[in-house]
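Both complexes below contain chain A, partnered by chain B and then by chain C.
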Partner chain A sequence: MIKQDLKSLEGKSIYIIREAKLKFKNVAALWSMGKDSTTMLALTRKAFLGKVPFPVIHIDNSIDFPETYKFRQDLAKKWGLNLIVARSEIKPDIIGSACCGKNKPETLKKVMKEYGFDALIVSIRRDEHGIRSKERYMSPRDEKFRWNFKDQPAELWDDYSSKLDEAGHVRVHPILDFNEIDIWNYIKKERVPVNPLYFSRDGYRYRSLGCTHCTTPIKSAAKNVDDIIKELSTTKTEERSGRSMDKENAYVMERLRQFGYM
Partner chain B sequence: MKVYPISLLGHKDHGKSTLIGSLLMQTGAATQARIQEAEQYSKKLHKDFEPAFILDSFAEERTGEMTIDTTRAEITYKGLAFALIDVPGHEELIKNMISGASYGEIAILLVSAKGGEGIQPQTKRHLYIARMLGIDTLIVAVNKMDLIDYDQEKFEEIRHDLSSFIEKIGFERSKVHFVPISAYKGENLVKTCKSLDWYGEGTLLDVIYRSVKKEEKAVGGPLRIVAQGSIVSAGKSMVVGRVINGSIKKGERVCFLPSKIAAVVSDIVVNGKKVGRAFSGDNVALAFKNKINGETRGSVIYSGENKPSLKDSINARIFLAGKLGKDLKIKFNGIDVGCKGIKILRKIDPTTGDSSSAKNIKPLDAAEAEVTLIKNIPTEDYNITRELGRFVFYSGNKFLGIGIIER
Partner chain C sequence: MSKIKELSEALWKLPSQKNWAAFSKGLKSSGLRYYKIVFANEGKLNRMQDLTKSFVELYDSKYALITKVPLFRKTGNKVDGATIYLIGLSVSNKGKI
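Here is the complex of A and B:
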């Protein structure tokens, strides 16, 4: 896994986060309390001199880990976040990718509409998944949240996409260039708070965090950020190997993203 | 570590995605899971293993055997890191090719040596666009050597046929290298190949390694900051933007264009920290002693006598990806500027480099043109300050092409 230059990654992210705020009227960010979206918030605080100047949304299906809820409460208080908790109902008969593909986007659609957000900051990274690697830094979605991957807008020379139409919005991806190891190096350098579930307990840790239904821990002895960086420097397994939905079908991610999955 | 971005160029099916897939495997950058997944899908589609599937992740890219959109993947070699930017080779997807290639500092052009393939109009069009985008170092990978029995003569023929065009459109001979490879078989990419022992300049990665500019861009020159706009922090207004040239100091007197407002810098913040001075590449937040009235987005900040020129009529080299239509505008450093008209001075055929006096151009043509705007913008020659010498064309919401400002 390649360790990139943190200063240039940080600069680019700050540029894109500022661009989102200055280009659009009403921006929000998704926050899952995971390492990526928390790093994005740390970068936002740098871009806006210590503040997160837009609401952060947690799509809460009420089956996240207790540690995750505590982390949410503590950091929201510490960083003075304008937190919107949007409750998503878990239906026992809809599981796995169908749950992420349906329940969460439906809730997100509702909250986007209610607040009238025209841009949404999402902390996906190119190295996470082949489909995510095809994303733009700014990517328009229509009213139904569809991603028209066959006709993505041109994106060059710091000219980023605008909205397609009144009802749509733009997804903003400020940490697209970060690799998994860059996130951890940045967390180390900037002392970004992280969810304790990432650290090993009884020989296991979560490498990628979802809800309690779909995430399984990996075997690991990494007890702190340094250990994780060491572990990632030699690992040959995929980051999302503990995320069940990625495995159901190779194109499930493509369909999920097409229909509005984060 | 610094990652050198490298754009892949070339006609469809000449092996861009296959090359990246093979490089990822041979340098150990592809995870087992990605390779296995590509293997599974090759089998499912009744094909031999297809390294391109490591990159081409969309279902339609795999069944349709073509790259639809740009992506990138990183490899390391002898302590350097390269981001390989894949782009679609298909003519209709030129918008996605331009998007991808715009991030490259150097380029690898794929030319298939297979009978009936060879140098195609799209091969040359990609080169022309790459040169417009500012790429000056080029590696021509002559691919599919395994299908022509590693024939040196055929390789030299391609080198000969392409060299004059490459120089005609402005590449320097010393910055262009030709390398024979087989992307599919993974030959002469990382390891040398016996059948190609007549080629004495090393593997593709050796040539890339020698070609990247290892020295950092010199700091200095006149100050230029492109402003993204103004933010308010703790009741204080700050102008945010990126230093694209020179440096800025606390206490320095600077000037905004097009507003011509002069101001003295009272605070500089870079990546969350207060500093006394900021340099080229830094994303800054600037506070001033006096109030900056009006819109700052798209403004250029300079100091001293050396300044960009304000113009509402610009001479530019343009490349069209779509049909010129109504509601014409350019996007320039974050702002949309309406276009009154585009007068074609000379038409250029990007597949030959020849120009003619035609007054009308169609998609995939280039031209020297005079672009008239509804208001003044701060510009410079592209060769002096890239960010102030380039723009994107739109007709309404539709991407039309790119322009480079030339005096």
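Here is the complex of A and C:
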């Protein structure tokens, strides 16, 4: 894994978060309580003098890990987050896993409509998945949340698009350039709180977190952030190897994202 | 441990919000430490109703199985997951994969 300069990554992320707050009327951020979205919230606090100045949405299918709920409860209180919990259903769909699939975007659509959000900060990274590498920092979605990755605005000289289809919204991706090891280096540097599931117990740890149904742990002895950084510098396994929907079908993620998946 | 077993039995009879809240309160002084979720239908979770066939095994600090509880909460005819009531426990990674 290539190690990048944390200072410039942080600077760019903070710039994008501030631009989003300035350019859009009603911004929200998605928070899954994983390392990436928690790092994004830490960056937001840095950008706005210790505050997160917009609502934070958790799409909850009611079978997340108890450790994840505890982490949500504690950090929301500690950081004074304006948390919106949107309950998603588990139901059959034609793509992906029933606990995620189209059901999470459907729930997100309802929340976006109810609160009238025009921009959504999402903590995806280019190195996570092939389809995510096609994303822009600010990426428009139409009213049905569809993403046309073949026709995206150019982002030259740090001039990000805020053009908005009237009924749609813009996805903002401030940590797109981070890779997995950068996230952990940043967590170490800034002492960002993390979900305890990332640390090894009984020889296993979770490297990428979803709900209890679609996430499996990996073999690992990494019991703290330093151990994880050391482990990642030599690993040859993909980050999302423990996520069932990614393993089932190589094209699932591309189809999910076209339907508005995060 | 007998108190938590009573609370578990009450959940099997009726996994209502009230019974889950009582269970969650009792969890703190129960000595239970770990949980393991067992999904029904070989892990094929297709709808909320499938949660009713799944359950959670609860273990003490020595990984001895103490009791089992449902994975769902029922409010009228509505079924939800109930993992939020297990706050305080850690996932058991024993025998994974």
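Note that the second predicted complex is superposed on the first by the 252 of 262 C-alpha atoms of A that agree within 3 Å, B and C clash if a C-alpha of one lies under 4 Å from a C-alpha of the other, contacts with A are read in each partner's own complex, and residues count from 1 in each chain.
One rule holds for everything that comes next: contacts are C-beta pairs under 8 Å (C-beta built on N, C-alpha and C of every residue); 3 or more make two chains touch, one makes a residue touch a chain.
Here the structure is a predicted model, which is why all the values come from computation and not from measurement.
Asks: Under the stated touch criterion, which partner chain does A:50 make contact with: chain B (first), chain C (second), both, or neither?
Replies: Once the two structures are laid over each other on A, A:50 reaches chain B alone.
Asks: Spot which of chain B and chain C makes contact with more residues of chain A, would you?
Replies: Per-residue touch count on chain A favours B.
Asks: Can A:73 be said to touch chain B (first), chain C (second), both, or neither?
Replies: second
Asks: Now for A:61: first (chain B), second (chain C), both, or neither, which partner does it touch?
Replies: A:61 sits against chain C, while chain B stays out of touch.
Asks: State whether A:221 touches chain B only (first), chain C only (second), both chains, or neither.
Replies: neither
Asks: Considering only touches as defined above, state whether A:22 meets chain B (first), chain C (second), both or neither.
Replies: In the superposition, A:22 touches chain B alone.
Asks: Considering only touches as defined above, state whether A:158 meets chain B (first), chain C (second), both or neither.
Replies: first
Asks: Would you mind listing the overlap between the chain B footprint and the chain C footprint on chain A?
Replies: Of chain A, no residue contacts chain B in one complex and chain C in the other.
Asks: Of all residues in chain A, which touch chain C in the complex?
Replies: My answer: residues 61-67, 69-70, 73, 87, 89-92, 97-99, 196-197, 201-204, 212-213, 216-217, 219.
Asks: Considering the complex alone, what residue numbers of chain A touch chain B?
Replies: 2-5, 7-8, 10-11, 14-15, 18-19, 21-23, 45-51, 53, 126, 129-131, 133-134, 136, 149-150, 152-159, 162, 164, 179, 236-238, 241, 250-251, 254
Asks: Give the list of chain B residues in touch with chain A in this complex.
Replies: My answer: residues 1-3, 29, 31-34, 37, 40-41, 54-55, 57-60, 68-76, 81, 95-96, 98-99, 102-103, 133, 228-229, 231, 233-234, 238, 240, 242, 269, 271-272, 281-283, 285, 297, 321, 331, 333-334, 387, 390-392, 397, 399, 402.
Asks: In the complex, go through chain C and note every residue touching chain A.
Replies: Those residues of chain C that touch chain A are 35, 37, 39, 43, 45-48, 50-51, 71, 73, 80-94, 96-97.
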